[in-house]
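Data first, discussion second: the structure below is written as structure tokens.
Chain lettering (A, B, C and D) follows the sequence in which the chains are written, and residue indices restart at 1 in each chain.
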Amino acid sequence: MSATRSPVIIVGGGVIGTSIAYYLAKRGQTVTLLERGQLGIEASAAAAGMLGAQSEMEDTGALFQWARLSRSMFPELSGELRELTGIDIGLVREGLLNVALSDVQEAELRAREKLQRAAGEQAQWLSAAEATALEPALSAATRGALYLPSDGQVDAPLLAAAFAQAAQVLGAKVQPFAGVQGLLTAQERVIGVQTAAGPLYSDHVVVAAGTWSGQLLGSIGIELPMYPVKGECFSVRTPKPLLKKTLFSPGCYIVPKAGGRLVVGATVVPHSYDRKVSLSGLAELMERARGLMHALGDAEWEKAWSGLRPQTADGLPYIGKVPTVAGLYTACGHYRNGILLSPITGKVMADWILGGEGAGEQGTASIAPWLDAFSPDLSPRTVRVSNSYEGQEPFSAPGKELISIETAH
Amino acid sequence: MSATRSPVIIVGGGVIGTSIAYYLAKRGQTVTLLERGQLGIEASAAAAGMLGAQSEMEDTGALFQWARLSRSMFPELSGELRELTGIDIGLVREGLLNVALSDVQEAELRAREKLQRAAGEQAQWLSAAEATALEPALSAATRGALYLPSDGQVDAPLLAAAFAQAAQVLGAKVQPFAGVQGLLTAQERVIGVQTAAGPLYSDHVVVAAGTWSGQLLGSIGIELPMYPVKGECFSVRTPKPLLKKTLFSPGCYIVPKAGGRLVVGATVVPHSYDRKVSLSGLAELMERARGLMHALGDAEWEKAWSGLRPQTADGLPYIGKVPTVAGLYTACGHYRNGILLSPITGKVMADWILGGEGAGEQGTASIAPWLDAFSPDLSPRTVRVSNSYEGQEPFSAPGKELISIETAH
Amino acid sequence: MSATRSPVIIVGGGVIGTSIAYYLAKRGQTVTLLERGQLGIEASAAAAGMLGAQSEMEDTGALFQWARLSRSMFPELSGELRELTGIDIGLVREGLLNVALSDVQEAELRAREKLQRAAGEQAQWLSAAEATALEPALSAATRGALYLPSDGQVDAPLLAAAFAQAAQVLGAKVQPFAGVQGLLTAQERVIGVQTAAGPLYSDHVVVAAGTWSGQLLGSIGIELPMYPVKGECFSVRTPKPLLKKTLFSPGCYIVPKAGGRLVVGATVVPHSYDRKVSLSGLAELMERARGLMHALGDAEWEKAWSGLRPQTADGLPYIGKVPTVAGLYTACGHYRNGILLSPITGKVMADWILGGEGAGEQGTASIAPWLDAFSPDLSPRTVRVSNSYEGQEPFSAPGKELISIETAH
Amino acid sequence: MSATRSPVIIVGGGVIGTSIAYYLAKRGQTVTLLERGQLGIEASAAAAGMLGAQSEMEDTGALFQWARLSRSMFPELSGELRELTGIDIGLVREGLLNVALSDVQEAELRAREKLQRAAGEQAQWLSAAEATALEPALSAATRGALYLPSDGQVDAPLLAAAFAQAAQVLGAKVQPFAGVQGLLTAQERVIGVQTAAGPLYSDHVVVAAGTWSGQLLGSIGIELPMYPVKGECFSVRTPKPLLKKTLFSPGCYIVPKAGGRLVVGATVVPHSYDRKVSLSGLAELMERARGLMHALGDAEWEKAWSGLRPQTADGLPYIGKVPTVAGLYTACGHYRNGILLSPITGKVMADWILGGEGAGEQGTASIAPWLDAFSPDLSPRTVRVSNSYEGQEPFSAPGKELISIETAH
């Protein structure tokens, strides 16, 4: 095989692209991952790392089914990655409290409790006294909380780093600073990608480039509407741990990390392409967080940052085979659920490319009915927006005077 | 001269100690400065750099007289330091707006206007419309402002660095990471200092160690009550400069730095020995700053920090000769005015040590009546607290089971 | 004028793009600058800031003519930028020593002395004793040095920041995080650019995007061969300034910055797309620097970094009008000379776009015969590689299986 | 109990002081730890974290006996700390290769092999081929290596943080930014410490303040000669892990951390009080490291730092009861072995203070004969210098005009 050909090319070095590389390499597949900048420093590094399969979901449809299966993959994955790379991804399985601060929120959470129990998940409404007994730092304004013992969290920046390193240990070629300029196609097949250092040919190309995926696909006529939704976060430190469980409420979550560190997120700024943390965004988030947990006021400021979540027109990711271009796959648009969905996305993509499940792997039987739910074939998808908690504006497509790019031959 | 003797020793490498070293070295005096850690990284580095000779002062007493003389020294000093070190200390002489947001504040500022004019200083009350014409970013809540065209600002961290470098270029020996453990005395004279590397002898020792000065002096029975007052600050960036003049109001100031950077300060936390930036302190300061200038909400967050201002019992610094120990001088307790007072403190101290004014130097005639106002001989000082704007609690001395340090011979 | 149209669009927010924006805005021209990431953080921020009009040049051709004119623009520019933004760009005009450490180097430098004097520039060969008298820190291995008193240096990161801010103060619209995906053309005219947020139309588009310019132009069939040449640098600090003049020798330069900081550069790694600083590159550079100035060994380590210099096939920049597409301009490929050439590039580009020189501007008469020397019309250009000091390998074009990008309509 | 009294006071918040606090708190003891700055940021944060019970030792005396017992405590400790704080201290038990690059080194290591086997430890001489089979990245210059499978490593900065947090979770009061100015004594007993905020009384005071301990003890006439030995380090990153085991050779060690990070140490600069990383120190260390492992040249530079190791006159720590002052203990002077010895130091100190071993604790029977080996009663100690590998100069006491601190009542 020449240096200008690879059996599989993955475009994008975030948590999704590196997960796909990892699951392919684990099954012995030679694969090349191309990332235009550094690995895992965009949305993957900005995430708080919640594994909110239940807390983030509004119904028991495909997203929920994928999410809970993916969540269940973390314990084994954590061990594998540590073994291969020495990196501890910081998996914590202490559960999550979905906190109500008003009657309306309480009613909403009680409805969720029923829904999730019906789906076979653990979920328990706690009175204010019960919730405060579990987490004494909760604000006195707490009306109660829905306790989700199976949700958890990981250290998101370390997850991406661990996937990338593990893939390389298993033989994958992972190239940072290798921007893909375009997709190469011939007779309705993908044949490779164009990079600044020349073309790289392949029969299988996976586009896992977050928000940027839309532009890359658009350049060959595949229209997958996507836009960035900026989220601003901050972190503080306390001398000893104040929380064991993640707190989650409308507009604010507080995730306890190792060593008394607390990560607080996140604002919602749709259609923002910059990563500026604004003073007003920060002030608003601080106020909400202190409403959830008064003792936060005494905590020591650490830092603020932001990330751009890749959102899609209907709020659901684009994971699957592009119907009109053979050999081309997408794995993008995970919005707030990229960390959570990374294992299952990597595994399913590896199954599709390699044809059948890998021996010894945890089965995907439970999502069999939902395997095509996120297909980039848009026609059958009903446009809806999930994650309504964040209250983002409905997607409005920008004006469509399309780029006219011509190529010399 | 042996390596264990220096004609003058300065203890403390902040903006005060390095200024004294600079003015001594400039007059040809051999001098050794000892700093326990890095140079200029404590209160000097945390300061916003306001030269508020008028904005900070409440009467026309000694502090005001020293302050306005010191302020007048900056233009020439700026040129000297740049010539010797290449460092531009960022002197800006665009004036300051003391902003009123209420009737009470307006009345208070109008009284200041009269007082300062009577003292021969420029000061002009501006209506809200006039103030906003000068600084369009002022909040709509502005009731008016006292315009102080002669007040200015510098880059505080660079000032300390420039003093230290310039002193060395002129021959001073400046030693970071050289902690002084105690003062050596004999027959009511200072004879040197004790360091971890052994004693260093001298007939002149200047204690310019900020808050820590009180402990060092206390160890030989000189009681100069001092305590730290923590101030928390933050900075933001804007694409183009929003302000030309410094804004100043009760509890908040906004200082425009080069390149669209704005420094916002400061909280007041007396008797705090740590440098933790608390979430509540930050949130409160943000709210006040946005009240002063609404557009700040869109600015880009940069960072937060804090410093410990060295406060004294009566709010006035301790600058002078210790009456009971020959050869021992103090230059500490400058509270919020260390940057502003650093030139005059350095110059006066050099005059005292070298006996008479240096040729070619700007005279200190204007403060002649006030030369002893800050003497560390406490008996004649009337206890009062200046800088009442910050509203700190009255000083309460902690329990006094003192340790006394004597020197064996 | 609608929000989707701008009279002039500049693509690229480095020191070249922001200079063009500044010179256009200064003449009253409405202009929009689009930068895909943060402003001025790529090659512009990595540069050491040498203004080596003489030290870098090998003949007295076009590059030299542009360079010396551009160098002469800095004093006035420095004042303008400081006035508009408060930013001091750190212009130092202390000259440069081109140091010889061997007979061969001495001969080479003596030849340069003749050449440069013939061109009317100041240049003087100094014996080892004379050179060491000027800069006592020079290594004992010094054989002599060519003294170039007119060369100087600036603070490169601050220059880009100052251009960007000044342009905005003068009315330019400068947008970071606004990536340009393609150029829009119609009937052999440029009509605008495509961004993620939609198209932006204009009759004048300047491509000033460093290394990335080649890809953008290539997408519409304009072939301008370019490739990155990585340069690794480091900096140290000394208690007092050790150098006044910049030192320059084969493979190493040492640039004295304010406050005793020394910037040392730079390795040459052609065709490197990453910005990794390698241990071996750093070790080699340290050795060369200590050979030039032994006292560097005692200096305090500060940090290491790298940048990608945009190199062209023949070593000369592409500055001019694209002959085949009306309204399209290039200003890229400045290699090691971007900081130095930024003023003249901005000024000439403004003259071309606005038709004629601006009133009150310094003339470009001295480069009139060389105005078309860097035209992106490649046919008449003789391929040669300048800056041979760095010894980079001859340019080899990568394989040219061209990208096939198709667009849906 | 009043706020001015604590049953036990520990002075110093590095890995030794926090370990003592942890082992005391674990047994239910109320304890106050006072640290003058931030916790764990001095020598503890600079350490590479080797647990070199065998690699660092030169004989099978007390230091070796304490070291191997302490090493054996890490697995259980790691679990406890993770449970209490969420912090994974990064314990790696992959062994260490003591590499020979010359005949002399080979002979020396073969002698060590015999010595350590005689002491019941695992140690195996490997030929160059065998060593390279284990670690293919070893330099071709390798003559062989002594394989020590029981030595390991931890993440040193996280160890100090975990001890401090765990102690607080268990009830200890841990106060950063609380400098101790002097020890309070009465009638040959310690009665407390003096702080800036007043006195704090206690019947038990442990001085665990690293290099600074000597000064504090000296102030009441306890002479324990100590001096700092600066060590400069750096770290690099590789895309995939290059090493599993720590490499150790004269003057250089390379410790593989999680995620492909390699920590390289360390220079030896005795009697240095600053923490400056010098260019020459760094260059020398780089050369040695590349001699050990050529592939290091391609690694990506991360950063450099330094720390001050607290060395004693005879190279052995001062751990024990001060014979002349009842209630006063020392735990300092651990030189290069602070991380390794921290568990056993904390446990033994807790046993001494609380009288007898804690139930359920791992016994200290194996060091029973060596319990007094490090007593701060210096008279019986034979002066010798261990760790001769680093070749530091013999200790020379500085001039001794001492200051004595007495307490007024």
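Going forward, a residue touches a chain if its C-beta (ideal position, glycine included) is under 8 Å from a C-beta of that chain, and two chains touch if they have at least 3 such contacts.
Going by UniProt, the chains are A, B, C, D = glycine oxidase.
Quantities reported herein were computed from a predicted structural model and do not represent experimental measurements.
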{"item": "Least step count from chain A to chain C, where 1 means the two chains touch", "value": "1"}
{"item": "Most widely separated chain from chain C, with each centre as the mean of CA atoms", "value": "D"}
{"item": "Cα-centroid distance, chain B relative to chain D, in whole angstrom", "value": "40"}
{"item": "Length of the line joining the C-alpha centres of chain A and chain B, rounded to whole Å", "value": "49"}
{"item": "Residues within chain A bordering two or more other chains", "value": "276"}
{"item": "Touching residues on chain C, where the partner in the complex is chain D", "value": "236, 276-280, 282-283, 286-287, 289-290, 296-301, 303-304"}
{"item": "Contacting residues of chain B [partner chain D, same complex]", "value": "4, 176-179, 181-182, 184, 194, 196-199, 211, 215, 219, 271, 273-275, 398-399, 401-409"}
{"item": "Contacting residues of chain D [partner chain A, same complex]", "value": "85-88, 90, 92, 158, 161-162, 165, 168-169, 174, 239-241, 256-260"}
